[in-house]
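Note that subunit A is present in both complexes that follow, paired respectively with subunit B and with subunit C.
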Partner chain A sequence: MTDPLLEVHDLKTQFFTEEGVVRAVDGVSFTVEPGEIVGLVGESGAGKSVAAQSILRLVERPGEIVDGEILFRGDPLVQFEERAGKLRPTEEMLTNDEMRKHIRGREIAIIFQDPMESLNPVYTVGGQLREFIEINRDMGEKEAKALAIDMLREVGIPEAAERYSDYPHQFSGGMRQRVLIAMALSCEPSLIIADEPTTALDVTVEAQILELVDDLQEKYGTSFIWVTHDMGVVAEITDRVNVMYLGEIVEQAEVDDLFHDTKHPYTDALLDSLPRPDQTVEELNPIAGVMPEAINPPSGCRFHPRCPDARVVCTRIHPDNRIVDSDGAPHRAACLKNDEVFDVGYWESEPIELQAGTGFGAGLAEDRGGAGE
Partner chain B sequence: MSRTGTDELGDDRSTTGGIAQEDVTARVGMRYTLSQIASDPTALAGLAIISFFTLIAIISAIDYYLLDYWLASTFWVHPENDPNTIQTLLPPVGFSNEFGQGTWAHPLGTDHRGRDILARLFYGTRVAITVGFMATVIGLLGGTVVGAVAGYYGEWIDDVLMRAVETLYAIPFLVLVIAFMTAFGRELSFAMVGVGIASVPTFARLIRSRVVSVREEDYVEAARAAGVRDSGIILRHVIPNSFAPVLVQATLQIGVAILIVAGLSFLGFGAQPPTPSWGQMLSQSRNYMLPDPWFSVWPGLAILTTVVGFNLFGDGLRDALDPRINN
Partner chain C sequence: MSGAMTTAELESNDSVDFGETLLEVNGLSKHFPNESGFLAGLKFDRNGGVPRPYFERKWVRAVDDVSFEIKKGETLGLVGESGCGKSTLARTVLRLLDPSEGDVYFKGDNLAELDGNDLRAIRRDMQMIFQDPQSSLDPRMKVGPIVEEPLRAHNMLDEEGRERRARELLERVGLDPQHYNRYPHQFSGGQRQRINLARAMSVNPDFIVCDEPTSALDASIQAQVLNTMRDLQTEFGLTYLFISHDLSVIRHISDRVAVMYLGEIVEVADKEELFENPQHPYTQALLSAIPVPDPRAAGTRTALEGDVPSPVDPPSGCRFRTRCPSLIAPDRFDLTEDEWAEIRDFLRAVDRHTFTATGEGQLRQEFFPDGVPRGDAGDVVNEALSLILSEDWDEARSLVIEQFAEDSICAREAPSYEIEPTYGDGRHYAACHLHRSG
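This part shows the complex of A and B:
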């Protein structure tokens, strides 16, 4: 296997709020290989967007990356070492200036969730595209304009040369998302972080965009980190998947393995809550309760209050993300159910009642009770 | 809907499409703002007044700086020193007093030194308009930079800059300008700079409040993620999206600056005699207010009209730039 394009080791990003420290990302590790689409999946508040922003060091105060290492082609985007009893960034870690000049836009681009808000309303679409190209590819105005029009055509915008001088409000949501994709691709980065790019679009447009990304990915060989909460999109587009829950990665596998040989009850629950064409069910099974606050996560396994398979041992022992199946590509999961790996006596332990109620109100009440502990 | 989209629909929609098409045109942009102003009679009146006085100011400035009153003394009367008149305090046309009958040679009358009042009003416009514009431009530039930087970076930079600006705000406007001119000089240029500095807080506070919300927009985040430098983000993305209220304030501020400078001239700061300025004319006329009221009425009217003109235009501009007010 070649060297990974991006390595994230034990990344921790925290928000220092008045209520306490929010551990939005709490020890996350994953890799992205060249030319691969990696999914980052989880409910709202799982920390997936913060993890994605941390890669580009775009987390703003009160948020801060406090520990961990991110290597991009071996260059440390984030790296800490212990000096005088405190964690400090290493000398080798890229400065903010180097991040801006060499990484952002040039090597790693990001596509944001809301195409309606991600374009500046006072400039033409083409002007913005051109600005980004000029900055990141050292081109003159004419060259950049020609390239910008080419890129608009490439992402399937009809009459690209005329639409170049239209303003964002003259584009539909799907067209704007195409523009944002053109913006990300035009600087020919090696990695594009797509932060729920299709969430704000309706399903038919979503399908078109996914198809477009698939085609372009093949053509340019760009790697993607695809942040989403939609298992359907995951199945459609990704090669490997990281499932996040409350700031941690709970399962990590190839996409087929994840769907057909699920090792974590949370992933199971996510899949159960979706309509699937290959299964007929009477009604969908939503996940019980809501995600607890990351200020005060539950003891032991963080999912145990909502887990249908939780046992007494789960409330005490916090499972790390271990390889549970090494046939072929490694399949990692952080669940004590895989007792042959964790060996903590899961099957001997007493099952516990599902603590979280079902439904919205029950979840809220449970959440408040939990926060008061 | 896109422009091309409506074109493709062709003629079959044109019967019902009239109103619908107007609805889809954007309620932003230069052309839309101008069309809004053009359909607003008060804004147009304001614009007419501003244009009128600006034109006079330009002519008088050319004559004053480049031709040394050659135009005035050749085709009209010299506003500072007219060799042909020795008749002081002549009333306007149609009135008479103990000094004589008003004549068409001096339609608004003459002052206590026998100078033509209309000519002095005409050449005083230059002072009012230039100082109004220049002071506002200085305040606008300074305030926009300070407010945008404070709002964009936040934290201690915000605290330091805004507390400094608020300190300036705490000192009464006129006192601040007079102190400034006492320290540096009584000339008109210092009046501009002084009034400009004194209006920095107004602009800084206004733009900061907008920048604080604009900097959270996704397109600002997108620009950061694309590697645009901070100065580029502030200048190209943050300020243009925060500028509408500042533009309105600037128009109103010109009126305020004209008033302040008239007040300063009244107190003896600013344009020095014999250079004509409205405030100074008011100041000189106050000894003759009861017997010869027209002497003070004319400069007072000139100040009033100009300030009202800028206020009318500013109000119209605010309505045009605020999409919620549009009917």
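This part shows the complex of A and C:
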């Protein structure tokens, strides 16, 4: 096997707020191989966007990456060591200047959910694309313009040469997202982080974009980290998937295994709660309660208050994300149910009643994370 | 239905039985002026001499000649992409917007003709739930008074009775009655949508229009809210018009489904029939576009080309024809299906200018690998090709559009067909000329 393109080890990103420390990303590890699409999936508040932004060190105050290591082709984007009893960035860790000049855009590009916010409304679409190419690829204006028009055509903008001088508001939502994809691709990066890029789009437009990404990925061999809450998109486009819950990765598997050989009750429950487009589901099985806040996560397994399979041992022991099935690609899950791996006596432990309740007596948003009601 | 009705005022006066038509919409249209203001539409004729002013108003035809009916106790799902007019339709049905044309019969009264007190009285029976649970709740009001507000507006119950009913309703929708004195910001998104549900339920309506009520919620929370909405429907005999862009949600909640495209309803059928036996190419495209949460089901995706046309100047005949993968060949050409498919792709590519011409051989190879069709159609194609090669795109475009697109039955007649259903025995309507007999 070749070396991974990106390695994330035990990443921790925290937000220091007045109410306390929000542990948005709490010890996350995953890898991205060259040419694969890795899914990062979870509900809102799971920490998937913060994890994705941490890779490019785009987290803003009061947020801060406090621990962990991120290696891109062996270069430390994030690395800490203990000095004088405190964690400090290592000497080798890339400086902000190096990040800006060598990594962002050139090696790792990012596409956000809302294309209108990523494009400046007072400059033409082509001008913004050209400037980006000029800066990142050291090209002259003329050359950059020619490439910009080529890229617009490549992502399926009709009459690319004419639309070059249009403003963002003259493009439809799908077209704007195509422009951002063109921008991301124009520097031929090895990795593109796509943060919910199709969430704001209609299904037929979303299908167009997914198709486009499929084609381009084949052509350029770019790796993707695809951040989404939509299990349908995950099934459609990713090769491997990381499921996040409350700042942690709870399951990690190849896409087919994740859907057909699910090892974590959260993933199971999430799949079970979805209405299906291809079959009529009479009764939906929602997950009880709501996700607690990351400020004061539950003890033991963080999912235990909502987990239908929770037992007493789950309230005490915090499971790490271990390999539970090494047939083929390793399948990791952070659940004590896999007792042959964790060996903490799950099956002998007493089942517990769902603390979250079945309906919405689950307590108010502001009480979440506390003892409940 | 224990104890929910506190006074006779809240007893529903059910003049309509289950399964009878509760709401009937007939030829409903809503057009908005494209520009607004005092001098809107003022134009100058600059042809020679002093410019002469004249008025010309353009209209956005947001909803155009829509008809459907909803039976008491059923859920009609209304699905379509953003901008297709589904929210405008919902607001016009409730007469939150005045219709430009057409009638809306609710329990036999024509809402389009009612006004003042009569309209106000009938609105007691019709409520609405909006997409954004945050902005549809006043942040400075407590939850209890929010739920009581419609009761106050319709002068129902005394103060004590209203509070009792509010607490009951909070419990009904799955909240704690103790939360009566809390503020909306103290609740999560799913809980806020439940408050909206309780408020809509407070006056004991028969009919609730739900405009994307779960679109802003996470999957697991969405399932909770959808289940509650279903329970309430069974318990109180509610009728829903449920609007969503999400076909999975529509499939779960609806009894019948209407599909909207660019201001018109293109297909209506019972849920099972619509999802298993879709007959309009747009419905088929929508269904194939949804990502299925199962990697083994992935694969058969047919992405639609192009963007939705402007509702200011919609295409003649069938509005979907400019993007339709099954556009019908004009009768005067004698073409095989494969030949027509090639011409259709060529027509779209020229129309959207999606390629650049580098040479005649390359063009022919790209669009007509087996040679240009013979006969009249072939002559048109050859003429268009030579126009493109001389960089006269506008001429080429108007030539192929005039010859191939405008002459199709899809452009000449508005389609409207009844189809024999395969699943169940409900009515199946599809606005597509593929179903013309003969």
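Remarks
Convention: the second predicted complex is superposed on the first by the 352 of 373 C-alpha atoms of A that agree within 3 Å, B and C clash if a C-alpha of one lies under 4 Å from a C-alpha of the other, contacts with A are read in each partner's own complex, and residues count from 1 in each chain.
Operating definition for what follows: contacts are C-beta pairs under 8 Å (C-beta built on N, C-alpha and C of every residue); 3 or more make two chains touch, one makes a residue touch a chain.
Computed from a prediction, not measured in an experiment: that's the story for all the values here.
In the superposition on chain A, contact of A:159 is made with both subunit B and subunit C.
Comparing subunit B with subunit C, the partner in contact with more residues of subunit A is C. Look at A:112: by the touch rule set out above, it reaches subunit B but stays clear of subunit C. Once the two complexes are overlaid on the shared chain, A:325 sits clear of subunit B and of subunit C alike. When the two complexes are overlaid on their common chain A, residue A:284 makes contact with subunit C while staying clear of subunit B. In the superposition on chain A, A:293 makes contact with neither subunit B nor subunit C. Of the two partner chains placed around the shared chain by superposition, subunit C is the only one that A:203 touches, whereas subunit B remains out of contact.
When the shared chain is aligned, subunit C comes close enough to touch A:234, but subunit B does not.
Using the contact criterion defined above for the overlaid structures, shared-chain residue A:43 touches subunit C, although it does not reach subunit B. Applying the stated contact rule after C-alpha superposition, one finds that A:101 touches subunit B and leaves subunit C untouched. In the three-chain superposition model, subunit A touches both subunit B and subunit C at residues 159. Taken together, the subunit A residues at the contact with subunit C in this complex read 43-44, 153, 156, 158-159, 172, 174-175, 202-208, 210-211, 229-237, 255-256, 259-260, 269-271, 273-278, 280-281, 283-287, 290-291, 359-361, 364-366, 368, 373.
Of all the residues in subunit C, the ones that touch subunit A in their complex are 81-82, 173-176, 179, 182, 186-188, 190-191, 194, 218-224, 226-228, 245-249, 251-253, 271-272, 275, 285-298, 301, 303-304, 307, 352-354, 356.
On the subunit A side of its complex with subunit B, the touching residues are 56, 58, 61, 100-101, 103-106, 109-110, 112-114, 117-123, 131-132, 135-136, 159, 162-163, 166-167, 169-171, 180, 183, 187. Subunit B makes touch with subunit A in their complex at residues 2-4, 26, 28-29, 154-155, 217-219, 221-229, 232, 236-237, 240-241.
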